[in-house]
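In the two complexes below, chain A is the common chain; its partner is chain B in one and chain C in the other.
Now for the complex of A and B:
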């Protein structure tokens, strides 16, 4: 089946009305995944709704205690925005290291989330930063945490009449870091990636979040580990029992996969690199 | 923790088809009424720089500025067979055929023009053409070269399968991350004896390209075959190095004269990538004590080997 038309709405209201006018349509963000899928016959929508003309979705704003990122913000914009670098080190590094300059020019944060790839670069960062997704349709607007979105993916994923419009990240003071282990230094898909976020109070860990990517169908947090480190000093993050928890989490997630022996070993190194990235210098 | 290691590997490589296979090259050179030299040589340049090399050899031999030499190549209906752009053979083999053709016409040019200065003026060539015509000289000359090669006697080991050989060595410095298995190639020094280097800039580029390919072979490139079909037959999943993976590459040439080569030159194409991969594996061994016997040295293999070793 061929794509019959590419619709180019100017506003979000228009997008929502197009859902009722056209059947079998698909939202086109950057197209770096979708267009390949169409070419390879993995997806066959009849209509594409191109969000490229909607300016409202391309903004990064400070709204009270949050940073709100439009779903059509490109990786290039994300990696060059001062506000992102200032508050979310992990997100900045993840955006900067994604794909190649050409891909970063086109690919969007929204597309990276909705495509739902196991090795997505941005998703682990968003989950570890407690990001909330704003999904809209003609009738309603729903808010769901990025974490919950992937835990309950089959139930929560964007439906045909919905569009992801914003990503809201609380602007808290925290140390955040990201590391991706790829087959090469650019244009690489993550073999394993990890994002972490640490809130520190009086030299003790007040809150800790760690999200692992490319070691399961979707990125996931290791809650047991997160609880375990609360109240401890930062050094404790390198303790054997902490690293063991990571290893166990990866093992439990991909037990039967051929890559399991490697990934459960690599996760410990990748985690340490994410910590280094958060601390901003090599201290390990 | 990251560990660094240094590794070396050397190569010697016989250029040309070899083992007795007829290895012939031809070229023609012609002077015309427009004051041009037409060099016709079937040098298919797929990035090797062969075109420049032939042009330089002709210009050097004829003592004529290269702007006055028109080079025809690639159109097999208009020129004689020079063999393939393969076996690192064009500079040496076809270069010799160009040299032969140019030497033949040069004998007759010398009868009318015997100054040391290089010919830069079209008028000089037009006058030469007129003299060729009035003295009834041939306008077109054929050059030919056949490489020395004989089959090796498998009983005695006697024979000359290749002539000549190109020699090279690489020194690679790598950094291995013992916690992720990731290998970064930091620095490569490449030293080659490919005879006299005809075009130093092209030769350096050839080496850097070779190092890049050798590095891909060593640490990235993997063909995944499942039930006879290749699963990663696209550049999105068949991983080769990008500019961000490239180490610093320094090249040196030992320009030992090859008496049978055009101006002492030998081939460099394939030898440029040969020692890189073994040098990298040796460097990995030096860094972490793991001797890999299989390519590529991916983070998977390295990390599991380190774990098995109990490092």
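Now for the complex of A and C:
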């Protein structure tokens, strides 16, 4: 089946009405994954809805206690936005290190989420930052945490009549970090990646979130570890039992995969690097 | 077929094209500008790099129809009667071997130097990090970009 037309709406309202006018549509964001999928026969939509002209989806805004990122914000814009660097160090580093300059100019935050790749760079950051996704159709608007979206992926994933419009991240004071282990610097697909977020109160960990990527079908948090470190000092994050929990989580997730022995070791180094990234200093 | 209008190298073109035509094919097959190369066709190698509204893109990953109203610069568009200083620099330091990556390299360098004439070596390396070269080992290319920077500053 061939793509018959590429529709280029100017507003979100138009996008929603296209869902009812056309069948077998697919949303085109940056296209860095979708166009290859179509070329390789993995996806065969009849119509593409190109979101490239919708300015409202390309904004990053401060709204009360949140930062709201439009789904069509490119990795380049994310990595150059002061507001992102100021509040979300992990997201900044993740965006800056993704792909190549050419890919960062094209690829979008929304595409990275919706494509749902196991090794997606942005998703672990968003999960560790308690991000919420805003998904809209002609009839409704639904809010779902990025974490829940991937836990319940088959039920929650964006449907044919829906479009991801915004990503909302609470603007809280926290230390955040990200690290990706790839085979090279540029254009690397993560072998393992990790995003962390730490809220500190009186030198003790008040809240901790750690999300691992590329070690399962979707990125996931290690809740047992997160609970274990609450009330402890920051040094404790390097304790053997903490690293052991990470190792166990990776083992449990990809037991039968042949990369498991490597990844369950690698996760410990990647976690330390993510901590270094959060602290902004070398701790090893 | 769908209609698309865009400016390529300063000239306005309108064509009727299949909806899934890539910008790369539009440039090579419709406009017959063969300086833009196809390497991997998957956004990995940067051989097909072009400048769209000041930023570099892999033209194999962009639909031509998505470029409606945009300004595209290909390697053919950077020089007139004389070579562009970046092209001169590439020749002078022998930064070209097989030449397949060269158009993309030069455009990535140009997009950087157009925005930041004082770019550091680190920024130069970052700017060409999406362009693979399997001949030169990159050292000569970085030398060329530095030389081009000098030449451009003098102008």
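Keep in mind that, in the parts below, the second predicted complex is superposed on the first by the 284 of 284 C-alpha atoms of A that agree within 3 Å, B and C clash if a C-alpha of one lies under 4 Å from a C-alpha of the other, contacts with A are read in each partner's own complex, and residues count from 1 in each chain.
Quick note on the criterion: a contact is a pair of C-beta atoms (placed from the backbone, for glycine too) under 8 Å apart; a residue touches a chain by one contact, two chains touch by 3 or more.
Because the structure is predicted, anything quoted here is derived from the model rather than measured.
**Student:** Where does A:93 make contact in the superposed view: on chain B (first), on chain C (second), on both, or on neither?
**Tutor:** A:93: touches no partner chain.
**Student:** Could you look at A:174 and tell me whether it touches chain B, chain C, both or neither (first, second, both, neither)?
**Tutor:** neither
**Student:** Based on the superposed arrangement, let me know which partner A:266 touches: chain B (first), chain C (second), both, or neither?
**Tutor:** first
**Student:** Taking the superposition on A as described, I'd like to know which of chain B and chain C A:245 touches: first, second, both or neither.
**Tutor:** Neither partner.
**Student:** Any idea whether chain B or chain C touches more of chain A?
**Tutor:** The larger set of chain A residues in touch belongs to C.
**Student:** Quick check on the superposed pair: does A:185 touch chain B, chain C, both, or neither? Answer first, second, both or neither.
**Tutor:** In the superposition, A:185 touches chain B and chain C alike.
**Student:** Once the shared chain is lined up, is A:166 touching chain B (first), chain C (second), both, or neither of them?
**Tutor:** Neither partner.
**Student:** In the superposed arrangement, does A:221 touch chain B (first), chain C (second), both or neither?
**Tutor:** neither
**Student:** Pick out the shared contact residues on chain A: the ones touching chain B in one complex and chain C in the other.
**Tutor:** Touching chain B in the first complex and chain C in the second, residues 100, 185-187 of chain A appear in both lists.
**Student:** With touch defined as at the start, can you tell me which chain C residues reach chain A in the complex?
**Tutor:** Chain C residues touching chain A: 2, 19-20, 22, 41-44, 46, 49, 55-58, 61-63, 65-66, 68, 108, 126-127, 129-131.
**Student:** Per the contact definition, I'd like the list of chain A residues that touch chain B in the complex.
**Tutor:** Where chain A meets chain B, its residues are 100, 181, 183-188, 191, 259, 261-262, 265-266, 268-270, 272-273.
**Student:** For the complex, which residues does chain B have touching chain A?
**Tutor:** Going by the criterion above, the answer is residues 177-182, 184, 220, 239, 241-245, 298-300, 303-304, 307.
**Student:** Which bits of chain A are touching chain C when the two form their complex?
**Tutor:** For this pair, the touching residues of chain A are 2-6, 8, 28, 30-32, 35-36, 38-39, 48, 50, 52, 76, 99-103, 105-106, 185-187.
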